[in-house]
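In what follows, a single structure is set out as structure tokens and then discussed.
Chains here go by letter, A, B, C and D, matching the order in which they are written, and residues are numbered from 1 within each.
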Amino acid sequence: MAMLEKNFRSDNVAPVAPEIMAALVETNRGTDASYGADHTTERARQAFAALFETELWMQPAATGTAANALCLSVIAPPFGAIYCSATAHISDSECGAGEFFTGGAKIVQLPAKHGKIDPAALEQALATAGKGQQHKVQPAALSITEANERGVVYSVNEVRKLAAIAKAHGLKVHMDGTRFANAIAALGCSPADLTWRAGVDILSFGATKNGAMGAEAVIVFRRELAAELGFRARRAGQVFSKMRYVSTQLEAMLRDGLWLRLAGQANRMGARLAAGLAGVPGVTLLDPAEINEIFCIMPQGLIESLKEDGFGLADRGGGQVRFVTAFTMQPADIDFLIAAAQAHAKRLGLKPQPALVKA
Amino acid sequence: MAMLEKNFRSDNVAPVAPEIMAALVETNRGTDASYGADHTTERARQAFAALFETELWMQPAATGTAANALCLSVIAPPFGAIYCSATAHISDSECGAGEFFTGGAKIVQLPAKHGKIDPAALEQALATAGKGQQHKVQPAALSITEANERGVVYSVNEVRKLAAIAKAHGLKVHMDGTRFANAIAALGCSPADLTWRAGVDILSFGATKNGAMGAEAVIVFRRELAAELGFRARRAGQVFSKMRYVSTQLEAMLRDGLWLRLAGQANRMGARLAAGLAGVPGVTLLDPAEINEIFCIMPQGLIESLKEDGFGLADRGGGQVRFVTAFTMQPADIDFLIAAAQAHAKRLGLKPQPALVKA
Amino acid sequence: MAMLEKNFRSDNVAPVAPEIMAALVETNRGTDASYGADHTTERARQAFAALFETELWMQPAATGTAANALCLSVIAPPFGAIYCSATAHISDSECGAGEFFTGGAKIVQLPAKHGKIDPAALEQALATAGKGQQHKVQPAALSITEANERGVVYSVNEVRKLAAIAKAHGLKVHMDGTRFANAIAALGCSPADLTWRAGVDILSFGATKNGAMGAEAVIVFRRELAAELGFRARRAGQVFSKMRYVSTQLEAMLRDGLWLRLAGQANRMGARLAAGLAGVPGVTLLDPAEINEIFCIMPQGLIESLKEDGFGLADRGGGQVRFVTAFTMQPADIDFLIAAAQAHAKRLGLKPQPALVKA
Amino acid sequence: MAMLEKNFRSDNVAPVAPEIMAALVETNRGTDASYGADHTTERARQAFAALFETELWMQPAATGTAANALCLSVIAPPFGAIYCSATAHISDSECGAGEFFTGGAKIVQLPAKHGKIDPAALEQALATAGKGQQHKVQPAALSITEANERGVVYSVNEVRKLAAIAKAHGLKVHMDGTRFANAIAALGCSPADLTWRAGVDILSFGATKNGAMGAEAVIVFRRELAAELGFRARRAGQVFSKMRYVSTQLEAMLRDGLWLRLAGQANRMGARLAAGLAGVPGVTLLDPAEINEIFCIMPQGLIESLKEDGFGLADRGGGQVRFVTAFTMQPADIDFLIAAAQAHAKRLGLKPQPALVKA
């Protein structure tokens, strides 16, 4: 019998999906052109075009941060402002990559509820940004994380609405899709509807957290943005000499819907975990559980007990905890964690709490 | 019987060594910490420390360009000058990555013979650089490529001499070791002797061209340079969430001398190819053949004939051709190319040429 | 009789003080060395050293923005975070100069009351900044504007307290002294006490708004920060070939206390204006009036009436207005504005309001 | 009797022309809008449009380096290559300003004779630049210095020819006109013919070396390049709050041909100096004397003797010396220097040399 998986710290602690490993082994035959001129990269590009039902340009990248920063670098000038949620990864967790790749643009956080940008806050920010005033950085781009950093998903209409505001002010729209697969799996909509048809100009498509080894893709929906992307990627050390090994991961992800099967499994385990945690005395969910990330608040004693049991979790301080489920997890893994939490709650004499914090 | 390998275009068209693939498969078990806090990365770091017989810091990177540019970013300020050979990859073939990562330092090419920096030219450049004059970018670093871009290797003494000049002027010394394994295999010296003991402060250690999938390492020999490296790497999108899959390639490379076995095989095939080409009428080697890169000049008719045969080569224009051998090649691959070249030379009525161009 | 001055839009609409013009004319004799090696620049440097009672380095700059951005560039790395007030000019009104000069550092706004940084907010921000975590930009500097962007002055103790917090976390401390003269005139303390003795490492000393033509000075109190300042200034196009004409403005400012006479006059006119406005029905001051900038809220009808009269003011929208007094103004100028406002208020039937908004 | 002027070190050691000082004094009345919205700046802009017989945008800048770097920043992307002469100030003497303002573009030196770019060398560089290849920085701009760093002037036809090559390859053309006035005075052509009619897109128009206090102008001949110039200037700390004092210098320069009178006088003194030096035994001119800069080679003993006499000159080492004449100089100043040189040459027993070095 396999060991139960106890590491809920992040989806990037998980291993690589067997289908991806198989693709890597399969690709490892003979020679092929380097720096992206290979056959695998071309096939992956075509697979993305088919998936998104449109002409597009696809540029592989090493990490989600690189994909995001490359996207920003082609839609915002050095004197530009990039608007995002107050919880956005590009603002908070990428050590200033966006500032670096753009040559010093300003990333402006907007108030958000459950990680979602408030359209009124975006309108307000743009109205007072001082467009055309030389003292002010100039509004250039909107970045939407889908699914977002609180594990919450924008609906197609919500993306449309934000993008429409952005477009009305001349901004380009970026989508940070590190967990795009989880969002599509949750929404059940078409990738095209959630992106270019809704107004998204450029997308960071994540595969690593969804079971790849190390593969992200910049998807460019507007031809004119692609022109300088290759040079910026090359200059950023993001053009792999043996690119076929990155591209094959992407191609394998898209083949036969693997990306949605993996994300769907992670999401289902997320839902199961959220339902279970909501029933543990002393635990309150901080955000709706829509994908594979569960944010909750719980007494420090419970947190410590789970850590002592060997469970991996992200302790954010102040009783805030993040659990992430991965495609590798099965119901038994979730249930084992919940059972442990229930036992500790009982021992600690914790009392029932509201299931979800009112925002 | 296996097909003969006809692709001599570059060593990065080659596949991944079986030992590296095996390491990747082996690593793909269970979960481990992300962003470099994993066990594999720690073991790889220790393996490098053992190899170089000193305390050091090791930071994995996605590509050789990224490794080089990260190195430069911690040894040269934005107002700095970085000296290198006229044929240096950092100056000519990385789309300005060094300028990008340093915030705009100037990369200064020095005259070189067979790709080697002339110590007198370095002395001269430093003497007239205007140190302390505010109009002038300030001498900050020397970058030595080992083995270099013409397939030629600096001896330990040559590295020592250049580094000593640099140190006397207060410069830091970087070694671009994209083909460091080939250099060590050629020289037979210890990695420590060719680097920190000779005055090298920071090294880009290449593995990708030598049979890895995509793995380079920044090796820092001076503790004070390591402090900001992690932040610069993170900000450059070079810190992999599943870093263990990069680190395992590095660890496997160092295990049981694999890196030298692979590079040694590539070098031997390079030598065989050079010897063969030197005997083909109409062909003249441009540089001594010391590793796995062979540069020669030949009539355009011969070049075209080889291309028509399906041989991969790098046609640099003006009759200049580069052939690169890889660890995958065997004597039969080399001999097949030489036989084809001989036959074409005969058919074309080519006449014998000097074996090596006089510099 | 001279015309009354009706332009309260900013202190930089004012002309150059006669003493400064005289100094420029006086300097305009014969030749002198260029790029700052001249006698005038050396004398100005010594005058600053005397004023601040310490060894220091002084580098002239063209504009306040240049002075600020140069300061930030030597105290924060590209991956650094610079903390400032939510109303800070460096964050809001310099088109990203700080990001540009630092190579992409992040400028982080802290909550402020009357433009003053709340020490507790600074503590909180530093405690949660993720020092040492590679995902996070690293706390590097604190920037205090003195007097600040709301026309309010930090006491020496307040500067000391903020600087002590910064120092405890390893940050360097910058003071944006665009209106430093107004602050010293208001506080009556010594320049040394308000700066280096309180923990300030580097100061932008403003002269332009105080009656110079175009002259700011970067004052460096820590020798090790001066080393790269000259190169950064040169590279930023801030080293004037005829620097003596900038330096003579600075020297003249410091001679015989001119800087404090000019700032004192502007401050007195500011106080007179604030007192007058507080007595106008419908007008409420938004901040204590401590220097020469008066922020208030008033009905739009009153704003428009004053504009129609030809008064210059900064209409910030939503009824918020800024008036700035300059060294050129006399009581009659102030009284004329107040009389006009009183007349309009009466005509518009405005009602008395609290003199100062409760924060 | 006025003292003779003995300082030939540079034209920027000279004082400000009386007409410029008068304009500054004249401008110093009342208030006017700040940051370039003033009446003087608008008039200066119109004066430039009249001078160049075309619509244009004019942006004042603090220094020649700032003007150059701003120009480059709007015509070259961070991954661009900027071609210039091997003696170009932007490459050699601005501490990397071009790299800084462009975000890391590469400045590529081309072989030059008497400081003039060889058209064939430009063709050759562009033919082998690797346009479209992602490993290579992409050809973006040509920068021509007029008059150049060797005191030599391109003819209108020479500018046309270089610009035509640049345009054929899609490059933008910058002219570094630090001594543009000297060039026009020497050529006697119209400013329009030497710039936009010849293919120049953007010009750094220098006034400081020609008698201004500190005033340069970026002249933009292509409307689409002007859009982001203001933001880049603001962000670089180059937008003066009291801009009228810069603009009035520019306006005064253009009024009644002052700029050409001043440059003409400097040029005539240059010609007189060159003729005189050519007749001094032991002295050889290195470049044709076309403006106010004279480069020559002479025995070190002669150099030292002139220094001991108190003459200012730029000793470039190896016997190379630069003398620069300014608008302030009169024939007696020149003759005094020549007489001194003749006397030293006689005393030192120097022998006649060719008047001009063969290139």
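By definition in this document, a residue touches a chain if its C-beta (ideal position, glycine included) is under 8 Å from a C-beta of that chain, and two chains touch if they have at least 3 such contacts.
Here the structure is a predicted model, which means the values were calculated and not measured.
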Between A-C and A-D, the pair joined by more C-beta contacts: A-C
Relative to chain D, chain with the most remote C-alpha centre: A
Intercentroid distance (Cα basis), chain D paired with chain A, Å: 52
Distance between the centres, which are taken as Cα means, of chain D and chain C, whole angstrom: 35
Whole-Å gap separating chain A and chain C, where each centre is the average of the chain's CA atoms: 42
Residues of chain B whose C-beta touches two or more other chains: 35, 78-79, 94-96, 100, 103-104, 134-135, 137, 231, 234-235, 239
List of chain D residues in touch with chain C within their complex: 3, 5, 7, 9-10, 12-16, 21, 24-25, 28-35, 61-70, 94-97, 100-101, 208-209, 213-214, 231, 234-242, 245-246, 312, 326
Sites on chain A touched by chain D in the complex: 35, 77-79, 103-104, 134-135, 137-138, 228, 230-235, 239
Chain A-touching residues of chain C, taken from the complex the two chains share: 78-79, 92-96, 99-100, 102-107, 128, 134-137, 317
